[in-house]
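Per-chain numbering from 1; labels A, B, C, D, E and F assigned in written order.
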Amino acid sequence: MSQLVRPSGRPFDQMREIVLETQVTRYAEGSCLAKFGNTHVLCTASWENRVPGWMKGQGRGWVTAEYGMLPRATHTRGRREAAAGKQSGRTQEIQRLIGRSLRSVCDLAALGENQITIDCDVLQADGGTRTASITGGFVALSLACKYLVDEGVIPANPIMKQAAAISVGVYQDHPVLDVDYPEDSAGEADMNVVMSSDGGFIEVQGTGEERPLSRAELDEMLRLAEKGCNELFAAQRAALA
Amino acid sequence: MSQLVRPSGRPFDQMREIVLETQVTRYAEGSCLAKFGNTHVLCTASWENRVPGWMKGQGRGWVTAEYGMLPRATHTRGRREAAAGKQSGRTQEIQRLIGRSLRSVCDLAALGENQITIDCDVLQADGGTRTASITGGFVALSLACKYLVDEGVIPANPIMKQAAAISVGVYQDHPVLDVDYPEDSAGEADMNVVMSSDGGFIEVQGTGEERPLSRAELDEMLRLAEKGCNELFAAQRAALA
Amino acid sequence: MSQLVRPSGRPFDQMREIVLETQVTRYAEGSCLAKFGNTHVLCTASWENRVPGWMKGQGRGWVTAEYGMLPRATHTRGRREAAAGKQSGRTQEIQRLIGRSLRSVCDLAALGENQITIDCDVLQADGGTRTASITGGFVALSLACKYLVDEGVIPANPIMKQAAAISVGVYQDHPVLDVDYPEDSAGEADMNVVMSSDGGFIEVQGTGEERPLSRAELDEMLRLAEKGCNELFAAQRAALA
Amino acid sequence: MSQLVRPSGRPFDQMREIVLETQVTRYAEGSCLAKFGNTHVLCTASWENRVPGWMKGQGRGWVTAEYGMLPRATHTRGRREAAAGKQSGRTQEIQRLIGRSLRSVCDLAALGENQITIDCDVLQADGGTRTASITGGFVALSLACKYLVDEGVIPANPIMKQAAAISVGVYQDHPVLDVDYPEDSAGEADMNVVMSSDGGFIEVQGTGEERPLSRAELDEMLRLAEKGCNELFAAQRAALA
Amino acid sequence: MSQLVRPSGRPFDQMREIVLETQVTRYAEGSCLAKFGNTHVLCTASWENRVPGWMKGQGRGWVTAEYGMLPRATHTRGRREAAAGKQSGRTQEIQRLIGRSLRSVCDLAALGENQITIDCDVLQADGGTRTASITGGFVALSLACKYLVDEGVIPANPIMKQAAAISVGVYQDHPVLDVDYPEDSAGEADMNVVMSSDGGFIEVQGTGEERPLSRAELDEMLRLAEKGCNELFAAQRAALA
Amino acid sequence: MSQLVRPSGRPFDQMREIVLETQVTRYAEGSCLAKFGNTHVLCTASWENRVPGWMKGQGRGWVTAEYGMLPRATHTRGRREAAAGKQSGRTQEIQRLIGRSLRSVCDLAALGENQITIDCDVLQADGGTRTASITGGFVALSLACKYLVDEGVIPANPIMKQAAAISVGVYQDHPVLDVDYPEDSAGEADMNVVMSSDGGFIEVQGTGEERPLSRAELDEMLRLAEKGCNELFAAQRAALA
């Protein structure tokens, strides 16, 4: 195994600079601009005093997510999904993941019959947009829940623990933490890991399209992800303080 | 006619604070974050070395525009158009207007067989998103054209003159300049005016749904629009300097 | 400025022959075949004893419009929008204009919770289809309102004044009234003006894609539009007599 | 079996008044306004000097059809298909039938690589719109073919024989010819029959949703259809003379 | 008329081997795998204790059908309709036919406010998929109705008589029974006939795209269809015994 | 931790009965009916001598997959996606997974410019449809590749190793192998694991919506998945022998 040199010069277990800027828009009940290096995602949390039709009358709430990418968030312009007339399979897959992840740390019964929609819009993309969305989306969701408590809509905060996500990859046969776009394009495999702040794994999505992963690699990648998520939990706490 | 008090406290002929921040994204050939007070529109210009099929082989270029609004750019969350599966009539009307306006100040023959797409994405909306889109879109387009000249793609800059746009309305029976959302919701009529820097009118779109406009009101509104556009032309020149 | 010769031989301020034929279909509560020269638009007004969901319980009515063009209304066949699976941006823009214009002369409270839908279907197109639609649509709407009063559905006619529309253009540097297709294709600019019979301007939509309009041209075009609309108001009154 | 009294007062084997008015639009290569009593269908034939992709290079032409109904062609307004975003199953079924029927009397090899599109738009509906469409569509197609010969596009007329269509139904247990809307709504069964002028059956589509048809009824209905189509062939010849 | 040799070697009036296998899926209230030779259609009947909105409160039930073909049911793979985003005109035409045919033998009042949906999915296609769908769909419907009676949902079986369908064609100028794919591609004309077990004709859909049918051919084809349907009625009774 | 009793009575590490029936359809170049207990998926492999547009001229082939579920494959009828007009996010997510998994064991360069489409249609669903699709899809793909070699289309078999997939879950706090529908609905977490026959992990998709997974659970689930995939590899080899 040769000496690893990442395109960004980072050590194998170092994340990009993480910035979680809060309350960045005027109207949303909660918002966070999540920056993982050059990946910038604007996350807003919008409250509605209703739930989807299939949930009515159960006294429980709902958290859902939508994801989008501005057409020129990327190196070359992509087609605007609204103009194309549909969301791609990739977009739907990502927004389902964000929604599942955030619901898993929220006590939906404590939310009452309220719905919070997390919009994650990628302003600039350099790899890891879905993990930045989950990490920033959690901050926006927390702020919105705090708003609901402050406004007396619900008696107690339904957030049970934190959720954060990071990607780990295999680049030149080395597991690496927080994969950016150059690594992702050249990498052999990558895995998105969503964790809760009590050390549990909410989602693990690993793909080895270039080559399968060995069990040893999987283990090391999970270990790196734990390290990364712990740093993200600290950043979230600082942002919400 | 009573003494006019605008919700914002501005005099009838005063615009909101105008900010045209350039090169705000990493990848686009030109970009501008246009702020008209609390209305914030991210404008990017994307270059492609091809033209639409129906223009091939004519030696001329094309400038087109797309418009979108983040779901929570507004007071209450709107439906994401990509999820709805289509762009609304309003969206299409606006992006057609932006495209026509910008094409009218660009020498398409001098652009060669290149296409520039202006994406105008509203991050926050407080009235006047289409006029901010045109004004900021012009800056992004200019930067992209300069890039094409600098890179040797085309020999000379195809921009012939500036284009800018402002809205004028009738609020409590007074013509007012640069209508914001509170005025727009309560106003009797409004007009979007797109001008070129040689004093010409590119587009005039006036609507009096609450009540028709008199000829005298129309005249005063056009005069206010000229004043506003002249200030915008100055701001554009400063941003591009 | 050279001597103007319009393709049709008309003087600059002369409209095409205007025919407003009423009650041309068996079933509609009101109908009008509007002919502006070779432009023929079939306008029907359909009554329903209900309003859109978002208006329920307010005691007010609604007037809306839909616009379509038969595929071979034009020189070369266009794609059928129903087959294409959507209405074009142009179609939506036009039908929104027709609806806004007609609502502005109708007292929606006096209409009660009734909806009138104006369908404007272009059988043959030679320029000016949207202005013929508005002018003929007003006649169909008036007949339907009269029907509702005659049938005892509502106590009084909700029509407050007339609405009519005409296009004015710039052809070979001369402002001209009632632009037909040959003038429109070759013209420098055009403007659609919707007026109310009390002399007010309901909508002004001017576009100078070939070149911007000077303020003097705008003024002359508005003057021509007033002349044209006054002739249309007379024709409407004759048709409805 | 009681004495039959049809809503229209017609004898069981009498058709409505048939009018086939030709060249009713300015632009189409062929056109016909087909009136079967109060059912009015505007049929246009549009020529294009190309064939669909899958036919290219075979030296043969194509005839296809599209069908539409104006929203207020009927007693109560129907939804505009372009606004609904798709053509109904009924519409598609009808336009496929029109296309098949007209292709069957046209020598596609003699048409060369040309396509003729027949648009059948129902202005007013009182039953039998598909049979009026086929009957009038044939006239429009014939005129367009004559135009192509006259213009020297093709050397000889590709029309081999006439095609016409009529509906027959069972009303109060009696087979009746040329079913109108009141009979159709109350009838037990109906059948659309498309014939060629050499006495052949191109299409037979009989449906007995209320009750099945006996073999004897089927035989009598086919006999009535033959009578009706012979009258239509005469009307077509007169219109084309 | 030459001696007829069918591609399959069958005599002109012989059907393919017919298999109607019942209760082939675990969950459906009724199911039947209908095999007409190499044409295999899986028919399921699904019960819901509700009716479509427009039928509510009338005390009557509804029977409807949907049809689909697996992409590789055919010689070359066809496009998946769900991926294409719509059902073809052909699919809609077929499922409307199946629904109408099955409703015609079912007493909808006796069904109460219940809906039964017949799904006909073609696993393998060799001609005659719509007739196999109707024949097998009837068996699935009957089993579901029996289930509803057995479960006490309705007091009596609403099936009034049997429905079955067969195709007849003209191959090398001979009328033939039960057309398979090789005959269908090479044939001159074909007709789908749906009959009820009391000898009535529910639907007759004959098409002569290659050449029109003579009256004598029509008569012989109807006679063959009667023979075929009688054999299918026997097979249905055996399957349901 | 209480004694585990699975709904099916199986031990925690026992799979359902696996059947991989080959060549079950007449036309596909490869096919396999994969049964994991009551989950039945029909997998077909269709060859086309072309590649998608974006791959042309690279000399490499493509393997893609589509997934569908018959409406009544499940306990209650689901909406037909073709009728709904689009594939759900879940469907797209699954078919992207199948495609990625199968491409990862196929040498696309050795496939030449050929495309193989794997259609996975669920006839009956009892949990684990995506893993049955991958496992059966591999068999269909292998048969199609063998066909291409036998027919001389490509010189050597591009399949490099086997791919198979299994789901593992957590039921009543115990990791269990091959989750069926009753376990899935009641389970706390589940994970789909795709492996290659050389012991590598192609995809790992674990979700803990009810509660996060501990690292120890993840490890045990991966171990069970390895056991299950090894049994599936043996079943595939037997089926292909």
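One rule holds in what follows: a residue touches a chain if its C-beta (ideal position, glycine included) is under 8 Å from a C-beta of that chain, and two chains touch if they have at least 3 such contacts.
Since we're looking at a predicted model, the values are computed, not measured.
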Note to self: Matching over half of the contact pairs by residue number, can you pick out the copy of the E-F interface from C-D, D-E or A-F?
What the structure shows: C-D
Next item on the list: Measure off the straight-line distance from the CA centroid of chain A to the CA centroid of chain B, and report it in whole Å.
Entry: 33
Item checked: Centre-of-Cα separation between chain F and chain D, whole angstrom -> 51
Next item on the list: Would you mind pulling out the distance in Å between where the CA atoms of chain C average out and where those of chain F do?
Entry: 59
Check: Using the touch rule from the top of the page, what residues of chain D touch 2 or more other chains?
Finding: 86-87
Check: So that chain B leads and chain C is second, what is the order of every chain round the ring?
Finding: B, C, D, E, F, A
Checklist line | Residues of chain F touching chain A in the complex | finding: 86, 89-90, 92-93, 95-96, 100, 103-104, 191, 195-196, 198-215, 218, 222, 226
Item checked: Interfacial residue positions of chain B with respect to chain A in the complex -> 25-28, 31, 38, 42, 44, 46, 48, 66, 68, 70-77, 80-87, 91, 117, 119, 121, 123-124, 126
